[in-house]
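Shared between the two complexes below is subunit A, which has subunit B as its partner in the first and subunit C in the second.
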Partner chain A sequence: MSSFLNIAGVSKRYGDVQALNNVSIDIRENEFFALLGPSGCGKTTLLRALAGLESLDSGVVTLANEDLLSVPANKRPVNLMFQSYALFPHLNVYDNVAYGLRREKLDKTEIDQRVHDVLKTVALIDQKDRRPSQLSGGQKQRVALARAIVKRPKILLLDEPLSALDKKVRSEMQLELKRLQHEAGITFIIVTHDQEEAMSIADRIALMDKGVVVQIATPVEMYSAPKTKFVADFIGTSNLFAGTLGSGTITVQGKSLPTPVTALSAGAKAVLVLRPEDISLGIAGTISGTLVSSNFYGGSSLLFFDCGFEQLVKVSCALNQVPPVGSTCHLSWSASDSILLADA
Partner chain B sequence: MPVHNKLGWLRIPLYGVLVFLYLPISVLIFMSFNKSDSPFMWTGFSTKWYSVLIHSPKIMEGFKNTLIVAIVTTIISIVLGTLLAIGLARYQKSSALEAVALTPAIFPDLALAIGLLALFTSLHLTLGLHSVIISHALFCMAFVTAIVRGRLSQIDSSLEEAAQDLGDSAVGTFFRITLPSIKPAIIAGGLLAFTLSLDEFVIAFFTDGPSTPTLPIIIYSMVRFGVSPEINALATVVLLISALIVTIAQRNVKVQDQI
Partner chain C sequence: MALAVKSEGRDAIKRRALLSRAVFLVPGLTYITAFMLIPLGFIIAYTFLSRGTYGGIEFIFTAENYTRALDSLYLGVLIKSILIASTTTILAFLIGFPVAYAITKLPTNRQNLLLVLIVLPFWTNFLIRTYAWIVLLNTQGFLNKGLINMGVISQPLELLYKPSAIVLGLLYAYIPLMILPIYSALVRIDPAMKEAAINLGATPAQAFRQVTLPLALPGVLVGAIFVFVPSVGNFIVPELLGGGKTIMVGNLIRDQFLKARDWPFGSVLALSMVIMLLMLFFIQARVNRRVLGDARA
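And now, the complex of A and B:
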């Protein structure tokens, strides 16, 4: 598929801080794309620049082959759903949603039709005369969403849309967002710092750090083939062993661990990435350690072993197989399940 | 047991302070209904001093002048004060500038009055209601700015961005989003400016021309030759207008807090 939104080499500096450093991303039509990263990585700056609320120092952004950056914010076929929702407090739900359509000077019956349709889609038709102050967090979020999609933008930008909701409502809204994106046929770009949210919701993710795009990939690729130590650490839970490569092994804090097939040469600094679910407990194993604590997560538990390394080793384990705390276990894994990355 | 019953002996100083605060005003209102010619001796109930007020061309002229000054001052203060507040809140985030903009509210009246008189004289400006209006607007504006500025810092600046994102122009955003959000503060500030201007004496005394005295100046000139009973009635009227306006202003701010 060809590129729909093309972000090419954009940079932005605030004083001493390089918020965006030569960022290039191609986003496809009807894609659910996530900009993921820790706070201060530049993801929100990029989103606000796409909405036209922030200017860029350099770079080009085109939407369907037309320049986007020269179009003022109020003329862009792009709408932003704000983190704070930014609902107009003096207007009721209906007028909030109709606000953007009225600015397009559409005729009254069409506005009425479209507002009613979208309020039905987000199940808020009974609340249409309420003021934002009379709504719950989840309802406010849906009004903000309705207000943005009723304009039928080419791209909907969502700035941490679920961060203000509690965990249960959040997972419901994730499903809701996916359904809406599918129904409306709009390209969604979501900004989030929550890797689980990005993994569960997005078709593709761009992981950013300190103004730079570190990796662009599907959630599965990003989890199974992280490009750098930062990606491996940020996405999912992982054990990271930094050490020096030998032939077929890596020496980590005096211990030798097996490595997968690698193009890196012996003697290089490297990091071995081992996911907790790839490690199994048994009688014999590569390393052994004492169980320090276990965290219960419903179906499975995450166990922490002291294996003589500086950090504890994390192992995921089915609930009925959790050994008692203090017991010594042997940890084994297949070298081909681990990932070896060059350590800068 | 209700909390107020636990006050105990603290009730004595509480009522003492309340009496201290409200006794002079109560005496004023009470004596304004006195039949006697002497402002200090009660002889019976009468509203004759109020009708004396209405039939005194001098007082009615002063009342008209005062209303003109207060209304025009309020309009100027609202427009300039609001614009200044928006500028301070949105465009020029400098605490020094903010201090400079808000300080006129606490200038000593006398210093301001002498300064203004010196300025007007050196500019060869004839004194009259216009010079009083300029002077009053100068300090009333600072009050409007302070109140509107406070409101602006409470409202989410992403509201304005959201309006633009939804396709509104900068001007449309101002009238449809910014102005409705700060309207209660503008009304409260305007009413405050009105009451401040209404009974302002020192600055008006220095900057007014001789042919257009405002009400406080007339009251002053009447009192100089002894307190006549209609002064009580006049002061009561001014008091009631101020109290009414302050009440409206406070209700307005409360309504705004509920939104």
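And now, the complex of A and C:
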């Protein structure tokens, strides 16, 4: 598929801080794309630059092969849903949603039609005369969404759209966003620091750290084949063992662990990544340890073992198989399930 | 039994909460009652009584004070006062809004410095500051001398003792009261509001007019009342800069009490001012609710 939004070599510096460092991302049409990363990684700066609210020092951004950066902010076919929602408190729901269409000088009947349609889509037609101050958090969020999509942008940018909502409403809204994205046929770019959210909602993710794109991949790829230690650590839960490579083994804090097939040469510094669900408990195993605590997560539990490493080893375990705390267990895994990464 | 004890305990808690609220309200309520409501009651009572020969009042009921207030002479003074105060208020807005807006665009420490500078004149006596304008504006004053020396004018300008001088004096005195509330309204607007408007297709000018300005309106109204109220009732500035030629309602009220010794009529004039100000506050509260919605809902 051809590139729709092409971000090439984009950089931005604020004083001493390099907010964006030579960032290049290709985003496809109708894609649900997530910019993921810890706070201060540059994801919001990039989003605001796409909306024209922030200028860039260098780099090129094209949308459908046309230069985007030379288009003034109020003329870009790009709408942003603000983290604070930024609903106009002096206007009711209807006028908030109609605001953007009125700026396009569309005729009244068309505006009315489109506002009604979108308010039906987000199930807020009964609240159309309410002021933002009279709405719940979830309703405000839906007004903000309606106000952005009613413009039929080529790209919808969402800045931490769900962070202000409580957990239950958030997962409902995740589904809602996916459905809307599908129905509207709009390219969505979401900024989030919540890896679970990015994983569950996005088609592809760009993981950023300190102004640099670390990896661009689908959620499954990113989970199963992290490119760096940062990715392995940020995405999902994992056990990271840093050590020195031998032949077929890695020496971690004096203990030798088996490694998968690798191109790295013996003697190199490396990190062995082991996901909790790839480790099983048994009578015999690669390492043994004492169960320190177990955290219950509904269907399964996350167990913490003291195996003589500096860090506790995390193992996920079916609920009915959790051993008593304090008992000694053997931990085993297949070396091919583990991931070996060079340690910079 | 246990339940009864429990509900009794809850009542006690409720009672204590009410009591503590009352304790905090007492000083304020006492003040307002003693220095506002009771005097206002006297004023209202005076309006229906007759004047005493040497000031004070006589307990003879009459409505004549009210009919007298409708005399074109006094109505004219009232209208002139309102015109002067309105002009002052509008000018204060036109000058004060850009100033307040510009201050919000500066770094925070600069903002605080400028706000202090704006309030600074209040630390000097009001009378002295008003006298200073006489020194500046009279025919032998700094301004006229300066302009003559520069060759801009040959004859000194008559700047003092006319309505425009009063407006200038009031404007100078009360413009900080316009700037501060507008500033505080502007600074509280989420910057994302304007960005959202631009993102939705508004030009910066439209974003300002349709979003920033309406959201600052409550501050503008507070500022307008803060400027209008002391201006309309002012008697020092018209006396000093108006040269007594332009009598405003403040002078009139003072004269009724201190010179004409007609307390009942002075009371009618004072009451009419109070009613006018109450109406202004009422309008302001309504606009506030319109702009901000019922935020407590």
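Heads up, the rule we're going with is that the second predicted complex is superposed on the first by the 344 of 344 C-alpha atoms of A that agree within 3 Å, B and C clash if a C-alpha of one lies under 4 Å from a C-alpha of the other, contacts with A are read in each partner's own complex, and residues count from 1 in each chain.
The rule is short, and it goes like this: a residue touches a chain if its C-beta (ideal position, glycine included) is under 8 Å from a C-beta of that chain, and two chains touch if they have at least 3 such contacts.
Predicted model, so just to flag it, every value in this text is computed and none were measured.
Asker: Putting subunit B and subunit C onto subunit A via the overlay, clash or fit?
Answerer: Here subunit B and subunit C cannot both sit on subunit A without a clash.
Asker: Is A:188 in contact with subunit B, with subunit C, with both, or with neither (first, second, both, neither)?
Answerer: Neither: A:188 stays clear of subunit B and subunit C.
Asker: Under the stated touch criterion, which partner chain does A:33 make contact with: subunit B (first), subunit C (second), both, or neither?
Answerer: neither
Asker: For A:134, is the partner it touches subunit B (first), subunit C (second), both, or none of the two (neither)?
Answerer: second
Asker: Quick one: is A:94 in contact with subunit B, with subunit C, with both, or with neither? Answer first, second, both or neither.
Answerer: neither
Asker: So subunit A touches subunit B in one structure and subunit C in the other; where do those two contact lists coincide?
Answerer: 51-53, 73-75, 79-80, 82, 84, 86, 88-90, 99-100, 103-104, 131, 133, 147, 151
Asker: Can you name the residues of subunit C that touch subunit A in the complex?
Answerer: 190, 192-193, 195-204, 206, 210-211, 214-215, 290-295, 297
Asker: Would you tell me which residues of subunit B are touching subunit A in their complex?
Answerer: Those in contact with subunit A are residues 156, 158-159, 161-169, 172, 176-177, 180-181, 259.
Asker: Over in the complex, which subunit A residues touch subunit B? Could you list them?
Answerer: Spelled out, the residues of subunit A in touch with subunit B are 51-53, 73-75, 79-80, 82, 84, 86, 88-90, 99-100, 103-104, 131, 133, 147-148, 151.
Asker: In the complex, go through subunit A and note every residue touching subunit C.
Answerer: 51-53, 73-75, 78-80, 82-84, 86, 88-90, 99-100, 103-104, 131-134, 147, 151
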